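Presented sequentially are two complexes of subunit A, the first with subunit B as partner and the second with subunit C.
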Partner chain A sequence: MDNKLIIAKSEPLWNTNNRVVFLISSLIILLFALPLFGLNSFYLHLFIMIFMHAVMAQSWNVIAGFSGQISLGHGAFFGIGAYATSFFYIEYGISPWISMPFGILVSGFFAILIGIPMLRLSGHYFAIATLLIGISFQVVFQRWDLVGAASGLWVPMTSEDSWSALQFHSSKVSYYYIFLVFFIITFFIVWLLSRSKLGYRLRAVRDDPQAALSLCINVSNYKIIAYVISAMIMAPMGSLFAQYILIIDPDRVFNIEISIIVLLITVLGGIGNVWGPIIGASILIPISEYSRIYLGGTGGAVDLILYGLILMIICIFRPDGLISFVPKDILERKKQR
Partner chain B sequence: MTSEIILQAIVTGLMMGLIYALIAAGLSLIFGLMEIVNFAHGEHLMLSMFSSFWLWSLFGLDPIFSIPITILLMAFCGIITHYFLIRYILKAKMLIQICATFGLSIFIRSIAQLLWTPDFRNVDKPLLEGRLEIGSVFIGQPQLIASLVCLVAFIGLYLFVTKTETGLALQATAQDRHAAEILGIPSNKMFAIGWAIGLGCVGVAGGMMANYFFIFTDVGINFALFAFVAVALGGFGSIIGCLYAGVIIGLVESLGGLLIDPSFKLLYVFAIYLLVVIYRPQGLFGRY
Partner chain C sequence: MKVLSVENLSRSFGGIKANDNISFEVEEGTILGVIGPNGAGKSTLFDLITGYTKADSGKVEFFNKNIFGLSPDKISNLGVGRTFQKLKPFADQTLLENVMIGSFVNEKNIKKARDRALEIIDFVDLIEKRHHFAKELSTGQRKRLEMARAMAIEPKLLLMDEVTGGVDQKTIPGLVDLIKKLKKSGVTIITIEHNINIIMEISDNVLALDQGKSIAYGSPKEIQQNKQVIDSYLGTFDAA
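And now, the complex of A and B:
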């Protein structure tokens, strides 16, 4: 159990180690400056994928890492976000910037709808239920004619780059900055969450629901709050992804692989830690992209074999993820006297 | 909608249900023993179907005769799984246990995809073919034999667990592994036996289904989902609960497909799962 729980009391949110401030700010400046060095489009794509997956894993981290509920169907919220923007853009020509918040709200609404009956379940029951939910969404969208059934939606291409339609064909740099901004915003949201009272309560719920209950923490309400936050972080990534590749279908955006990869990234990096998903994504995504380039093309799922293997090895040897290699005092707040 | 069609659906559902029951029993045995849900259960089923297929395709052995070999192979696979993966995560957090078996499932499935490609295969001209006609109901012979074999295997499993000394030792370990160890029951060995038997059950089901089912690398996913549901429905760790739950799921699947819309079969089963775990979280025959 976390000893921090016992000493947790309200302290200034920004009472942060100078080293962490330095680390974060230099990282942000570096990432903003990176395209100026003339990266080619492959590296831009690589970074975009890292940002996207880091945010998705961060979303999973909120429900699984902070509140301890293992969702195996998180791809559902990704798909909702993707369909929300694409559908309204194709049918009514509504800008993705307007439909994205709508997708976020729908996603949150579904999280409440799913969460109220399911988050009373615990452990394995919840994991199996979410696995079923992820697949149910895929089944329903495969047969829903209004949204293109199994063939999916094709977003019509604009003739030139357009910020309102969120399409950039000449260069990926704009996409890079959009994903980067979302990445940074999400990082700060989750960072603040992890240090707020809400974060401490969620961890109390995770570590000992009975004790949390005895401290007047409404366990199932807090689980639902975490689930909704997590779903709302996931949805905009679906929207941006749909605008990035311009074609979505149920097998792509509701694929169980999405639910797997967010789990894998978080567990690899370190679950329940704000830095975990970032470390996980920046290691796993390059491995997966490069293995696809050099080992793929034979019809084999080499990157999936690697995922499975890495997941098992991490679980056996480093259950706390790669973050546990980093000495604790670097990332912790200043010691209180 | 005539009564014959409904009767036909009930018979089909019953036969499928017995197979689900045996698959779920393997899962339930493992869960009862060490509180680990084997998320790779569907992939183990896929492996057993492929073992049956390759024995037929390479050595000309009919799936009916290769059942003992398939069972042995799957039991061996279970012991390997326990030895190389499960024994390291026995004391880990639940999250890590789920992730580890989930990782195993991805690993097995993708390896199979790499080795055997995602093509659909089937056993051509097995010994069991054709169908029986009883009144107005048609019963496929391989399906009938498969469900009967599964029922016999299920009864055998139940008798083994409740009547033999090893079975009682398994139950003792499931109840309290430390107390069992004090009484001289090595829990590590019991876990290995549990995995061997659990996957042996899957071997029976997979081997029998190879007679009439398409064999492909993703075949296990749906069966595993139904097995999870059956285990939760019957109560985690209750073996006899799996029989009832499996039959219920088989009936819901085939009747729902007939009466409403066959493309949403999964959703009906899912709805049953939700209803049961919300109103009776310990399942129909749960222990607690």
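And now, the complex of A and C:
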């Protein structure tokens, strides 16, 4: 065996940069400590929205960034999650903690159902099909009397803060921690996924499906797997959001805007990169919340115009997203020449 | 031992018979060279064998197992590797990652898959380029990448589409040596090749195609003397 091969084999699998590990750990500690400094309710809300949207975008990142399939109807899985917990709580008093996994399973089931025929379509056709599916979910729920049709569901408020009912009225701090924990767990799941055999194979499917086939990869199955994982990450955010606002209706939780914003966040931050959705959400969500505050009802669409502008600038100058400003070897990719 | 046996394989596109009743066999450990002018149906033949294009009729057996009509991933899973004439590297991934995607087929453990991939990359002499993205490699290097990636699934039969096509003269001998080295490692090979000298040098048998038909099949010597081959292919080569 020659020398170069021995050296190559002795390299660590991943270039774990100690500074990055330190940065992540301190960030996590900081996020956990933040409410202790007495954040007011607006900032708590802002962070909750950032965490939630980062997870939602991460979900979209799995199907679009890893397996290369552009889904424009991801709001459907958000809505399924929202309705699953609210419906079972209102009708049967079942704790959201129990119905949340159910919502996750239903989302996964629908992803299989939609994915089997639709993922045979390539490129733009899959995107168009998912766009229509997303809209049709909204239409169905607007007319479905069992789940309150267009007026939606009102989750009855508990008299006190309750962990089992997942309702907190005295302060948003508990919500903050719940969303934060989901945010961290999702990040690590997707991070592990990106480094796993599955992650490698999904990227192969994304980069060149024809070549992937020659390497024993069943391309359609892998696309479906990615779609199901993606849907299952999205659903609990719907559930938590429903418990956070306590009123859900089809216009809110099946809104096309949800499907679009997860795309915007991911593209802004960096598609196909675990960090992309986090960076994207940390920038886009504050813009959105502040523009709503300063412009109020009259300027409701101004944030959308802003998004459009940002997206155009990113697509022209930084197609790999803001994450591309960070040198790759700092994050994780191993490029010692 | 017969590795591959193809019988009366046919496929038409519209009115054009891209492959018309092609039959041949490949013995274990040998190299079959496929020659023919552009449009003779060489790449179509590869696509039919590997399942990328569905054949209209015929029979394809791999180690006496019928593989006709199977999907490409199933065929590769049985041990048929291939490279592409129009190269298909995973451009945004490093050479190592490209090859690892192949070595994951037989190795679940990520470290072992990495080490196996490194051995193959070393075999194709690109170990120093392992962390380069595929899009940064030269054409010759990307050809090696495709060979390495196909080898990583540990195929019993390897189909190579124009390994020496589109690279400069200086790069060719290295690639030819690599094919020889591959054969020595025990892999059975079918290779499409335009360079007639290379075909004569490396092949145990040669299949000559013209306009979708098999016009000759035999040892390199026989092919060289075959009148039909000289007329339709070699002749033009001499005149040029």
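Note that the second predicted complex is superposed on the first by the 315 of 337 C-alpha atoms of A that agree within 3 Å, B and C clash if a C-alpha of one lies under 4 Å from a C-alpha of the other, contacts with A are read in each partner's own complex, and residues count from 1 in each chain.
Keep in mind that, in the parts below, a residue touches a chain if its C-beta (ideal position, glycine included) is under 8 Å from a C-beta of that chain, and two chains touch if they have at least 3 such contacts.
Being a predicted model, the structure only gives us computed values, none of them experimental.
On the A-aligned overlay, A:40 touches which partner chain: subunit B = first, subunit C = second, or both, or neither?
In the superposition, A:40 touches no partner, neither subunit B nor subunit C.
Any idea whether subunit B or subunit C touches more of subunit A?
B
Once the shared chain is lined up, is A:18 touching subunit B (first), subunit C (second), both, or neither of them?
Neither partner.
Check whether A:120 is in contact with subunit B, with subunit C, with both or with neither, and answer first, second, both or neither.
A:120: touches subunit B, not subunit C.
After superposition on the shared chain, which partner residues are touched by A:204: those of subunit B (first), subunit C (second), both, or neither?
A:204 contacts subunit C only, not subunit B.
Applying the touch criterion given at the start, work out whether A:128 contacts subunit B, subunit C, both or neither, answering first, second, both or neither.
first
Using the touch definition from the top, say if A:214 reaches subunit B (first), subunit C (second), both or neither.
Touch partner of A:214: subunit C, not subunit B.
Can you list the residues of subunit A that touch subunit B in one structure and subunit C in the other?
Correct list for subunit A: none, the interfaces share no residue.
What does subunit A use to touch subunit B in their complex?
64, 68, 70, 72, 117-118, 120-121, 123-125, 127-129, 131-133, 135-136, 139-140, 143, 260, 263-264, 267, 271, 298-302, 304-305, 307-312, 314-316, 319
What residues of subunit B sit close enough to touch subunit A in their complex?
31, 37, 85, 88-89, 92-100, 102-111, 113-114, 117-118, 225, 228-229, 232, 236, 263-264, 266-267, 270, 273-274, 277-278, 281
Which of the residues in subunit A end up touching subunit C in this complex?
Those in contact with subunit C are residues 2, 4-5, 8-9, 13, 195-197, 200-201, 203-204, 207-208, 210-219, 333-337.
Which subunit C residues qualify as touching subunit A in the complex?
50, 52, 71-73, 76-77, 81-82, 84, 88-94, 97, 100-102, 104-105, 108, 110-111, 113-115, 118-119, 121-122, 127-128, 130-132, 149-150, 152-153
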